[in-house]
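In what follows, chain A forms one complex with chain B and a second complex with chain C.
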Partner chain A sequence: MGKGKTLFWLIPALLIIILIPPVTGSVTTREGVFLILMYVTLAVSLNIILGYTGYVSFGHIVFYGIGGYVAFYLMKFHGIHLIPAMIMGGIGAAIAAFALGEAVLRLRGAFFAIATIGVNEAVKALVNNLNFIGGAEGLFFNFRIYNTYGGATKAIWFSYYTMAALTITTVIAAYLIKKSKFGLGLMAIREDEDAAIILGVNAKRYKSLAYAASALFPGMVGAVFFFKAGNIEPHDAFHLIKSIEMIFMVMLGGYGSVTGAVTGALVYERLKGFLLVNPLFKNLHMAISGVILLLIVLFMPQGIVGFIREKSKKLREMLE
Partner chain B sequence: MPPPILELSRVTKHFGGLTAVNQVDLVLYRGEILGLIGPNGAGKTTLFNMIAGFHKPSKGRILFKGMDITGMKPHKICKLGIARTFQITKPLKKLTTLENVMVGALPKEKTVPGARERALNILKLMGLDHRASLPAGTLTPGEKKRLEMARALATDPSLLLLDEVMAGLTPTETQDMLELLRKIEAQGISMVVVEHNVKGVIRIAHRMVALNYGQKIAEGPPHEVITHPEVIKAYMGEEGPCFE
Partner chain C sequence: MKRLIGVLVGVLFLAVSMGPAWAGMNKLVIGFTMSQTGKFNSESKEQFQGLKLWADQVNAKGGIYVKMVGKKLPVVFKYYDDESSKDRVQQLYTRLISQDKADFLISPYSSGLTASAAIIAEQYGKVMMATGAASDSIFNKGYTHVFQIYTPASRYLTDAMDILTKVDPKAKKIAIVYENSKFAKAVCTSAKKYAEEKGFKVVLFEAYDSGTTDFTSFINKIKATNPDAIIGGGHFADGETFTKQLFEQKVKVKLVSLLVAPAVPEFSELGKAALYVTGPSQWEPLAKFSKTSAKSAWFGLSSKEFVKAYKKAYGYVPGYHAAGGYAAGLVLQKAIEDAGCIMTNMVKKALEKMDITTFYGRIKFDTGNYYGRQVGHSMVYLQWQKKDGKMVKEVVWPLEAKSANLVYPFYKKY
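After this line comes the complex of A and B, so read on.
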């Protein structure tokens, strides 16, 4: 196992990307980078359950939605600041994941994947019918909320830096998990759950904890995203397409590797940007992404980074 | 006689209408190597699955060091000191050979470097150290058998359940495996050795038990068991290699 070489280049690389908008002062760039950071955080988090543990959480966006709603509610009705509200949102999502994990993680393979879609849809339907959080219409901020942060403009920059800090934290946490006793146990479960159990891994507990960890950061992402947006509604918060995008990013970059998830997120953001501005592909971007996903699964199941890791022993430690 | 480490009383397992293990009583004493033989489908693996906590017995009780472990979770049983190998090897294919063994070492070792150290020593003992950094999926079948054993040993067991670790090995590999079992014996680890290779197992077993259709048909010193009329009858119609 490596000596932390991956983080020594990956974190500075992310910091450079993060610094581009404040240095250039470009709002357009900031919006682009915000999206990239969001994708990176979501993909790196999903990778903990999908890539390390081998469980395809298809409806993972549910945790982003839960975190978003918890934080939005606290900010709107209790005047709580973004940072503590975000942490509460993350914890809320993690607790939900842990509880769910105890119930659905006993399912293996496709059954688990399908169950997680069901969970997302069920939560969406529930929120649609809960009037105290706005039901189908959702919730809106009174723009006075942004005064705490020095006005709307500053609030948006504040959400940008919060997202940046969140991304860095997530990448470091995901790396540390991978290199820990816990991470090794998760990878053992992925490779062969029965073998892992017989070697003393408490698979049930490990899986629930991995699920909680992989839900914590998306919950916080949801908090920051909807704070910045100023409104939240069930359709946006529990959008299944976003879930599929997350899986796509992890598979594209290389499941199980932190660098892989980061790479997948970056490539996907570029690809989507390209497809969406191109009039020819505009309405087809999910279809094209689907075809690419199919090709990856068939011909390069280890993803871009996984492929490089296989080819080069030297680069392996740098691409954990 | 040393105290018993494992005691089975009237252990039974039904799969639907099939009784895979039927009222088996068995005692293993500390430091002992028990050979467990029987034709295909006799219930040997099922018996291991029950001892290791993979299957809950339909009836009967299993005591380990005097403690009732019937129906206990496999990872807990592992921590108590029972390790097993799988008849069909289950390497963690994408992990390296070293990482495979580290997984076994982790529950007992507090730190990752500690587990690594322990795993490396075991790989040396098993003659697999030159394969440490290769993905376990790339090992030869013989190496995979040794990896199964290495991982089991890494959990620091006092009882080792070996399910056909000699099956499919070349004569030299079988020789090496027997030597290895003697080394493990010398560490004071008790073993139950399931084997089709009866010729191999009689060279190390202190005592033997034969199963057929889930029932114990013979028990005693190796030579008595393999010449027992019930055992010969059970094996009749089976391919010769068993006694070769």
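After this line comes the complex of A and C, so read on.
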């Protein structure tokens, strides 16, 4: 397996998107791009366990919630800056994933998927009842917290750049994992776990590590998102529908490839964002996006990028 | 490769640069998001209809008179669906302010979404009328542009204890069963504190998860502790199910007072199960707030006129979500008229000074630590009763606004 050329165009393309808001100075665009970046990071991370390893983590949003809560708690009660709080949030999520992985990754197929939903609901119920982190009422920032960052306006721009850096890091990390021996092991597990074990892949450890890696970045995304939102509540932090959306983005773009996850997230977010504010469709956006997505899944089951890869040999090594 | 990048960027540009709407001084743009989809759908729709009725009535008269411009400016709405989710609230409010040039904002439905929108309103210095958001916790967080229309959660269920004290001083045992959500928890924690202060015994204080459909275990606990009154609830669906199961199990208590659900007109579809259930409401069609009994200057139409106009527009009698929507517009209108301009600072000053009574009740804002919190408005209690074989909502509390006497005890119906 060669190093491929994917990153040479994918990173510049992402950078161009990231630079549109500061160059044009449009805050509306910034909000849109922020969501794109958030979804890209979530989809690319999920792809590590879903696409590379073949384990459908249905409740993956749990790590976004855990990271969000850890970071929010640190920022609110200990006055820690967003960056270290975000890193701690990510690490917290990764540790939780590793520990959980040791238990639930013994399950395969549908059983694993169901177990991850259970984990998400269990954590949500737990947080609902823990009063030191606000319980069902959630936690609220005092508006003053943004003064540390030079006021709310600057704080929101700061969270935008943080999210941008996070997205770039995630895409590079996901690509490097895919190209590494570790990634090869994961794909072996995906194709045939028992055969992989016989060939000497430490499947149990590999899966837990992949799970932890795929939880690290969503945890950090949660930290940035809830910093910007200014409040965190269990039903938003552990929102199962968002989990399903993440899977959808990966499937839409193309399972197992970094470009696929990025494309899926981009298309999905823009499609939804467009329908939501379009005067013609805004009352029907759910129905229309449902139909469009259904058609894509029916006629392009390998996803957008998977479809292009199949059609064009030349593009294949650029679309990993 | 270049082509691919080109296409990518092109698509992006196309999608994000949908034509901006420019607003001059010939109209007033009011921006908000509503929950057209998701779990707040029904409450948010009512609120929107109320707000729209206000705008239609104002525009029928030419708009809101702004002294500085020297003419009436018609009201124009800009709104989007927030899907009842925090994800897009900030994006859409930013868009409303920077692209749609909204002059004033109305909050989304629910306190959580309002808190996220408040950051954007605060950042851009736009006045936001918060309706459908009853939480107290938004209001000591340093925001200076958010003004609450609803009675806050801390004063939501406390009157239930006053009712008991009045009609049956011997009833002292209270069971509190509530949805484990931000709103219900805040309400019930305050209610518990109030009950204990007033010498009641809270024999049960339990939360159920949002979306609970089987209340058997809670009902068994209620039966075991034998309370005089059950208070609590959460949103519509769970309150409705809880009421139904209380009836099926023939739970014998003297007073049932639940949040949200009894106030929604569809609650009557439960039939006998709904009978004699009481609930606090921000407003009721029968509540008798009038020019003569008003404790401050009267503004706007009467309750009767509001109900009539709403019924004409939408075909049914409005609930309090609709009234809250209308009131948000009305209060904003009063503030703009008082200020004589649309500048944020002046309108804010007008809101700070405001003390009026409308069909919806009294309106006055906190200007201290809890800046913007509603301090004038108070709850009315309704009860579902039977009149000529039909289920009707009657206002039973406060006594000076009552339309019928409280039917007591609750178990009379079995």
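Note that in this section the second predicted complex is superposed on the first by the 293 of 320 C-alpha atoms of A that agree within 3 Å, B and C clash if a C-alpha of one lies under 4 Å from a C-alpha of the other, contacts with A are read in each partner's own complex, and residues count from 1 in each chain.
Keep this in mind: a contact is a pair of C-beta atoms (placed from the backbone, for glycine too) under 8 Å apart; a residue touches a chain by one contact, two chains touch by 3 or more.
Since the structure is predicted, the reported quantities are computational estimates derived from the model, not experimental observations.
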| item | value |
| --- | --- |
| Contacts of A:Thr169 with chain B and chain C, given as first, second, both or neither | neither |
| Touched chain A residues, chain B compared with chain C | C |
| Touching partner for A:Ile16 - first (chain B), second (chain C), both, neither | second |
| Chain B versus chain C as contact partner of A:Lys282, first or second or both or neither | second |
| Chain B versus chain C as contact partner of A:Leu184, first or second or both or neither | first |
| Partner chain in contact with A:Val27 - chain B first, chain C second, else both or neither | second |
| First, second, both or neither for A:Ser312, with chain B first and chain C second | neither |
| Residue ranges of chain C in contact with chain A within the complex | 1, 4-5, 8-9, 11-13, 15-18, 36-37, 80-81, 83, 85-92, 94-95, 98-99, 112, 115-116, 118-119, 122-123, 135, 137-138, 141-143, 180-182, 184-186, 207, 209-210 |
| Partner chain B, residues of chain A touching it in the complex | 1, 179-181, 184-185, 187-188, 190-192, 194-203, 256 |
| Residue ranges of chain B touching chain A (in the complex, touch as defined) | 52, 54, 73-75, 78-79, 83-84, 86, 90-95, 99, 102-104, 106-108, 111-112, 115-116, 151, 154-155 |
| Chain A to chain C touching residues, read off their complex | 9, 12-13, 16-17, 20, 26-35, 125, 128-129, 135-138, 140-144, 152-153, 156, 228-231, 233, 235-236, 239, 241-242, 270, 273-274, 276-278, 282-283, 285-286, 318 |
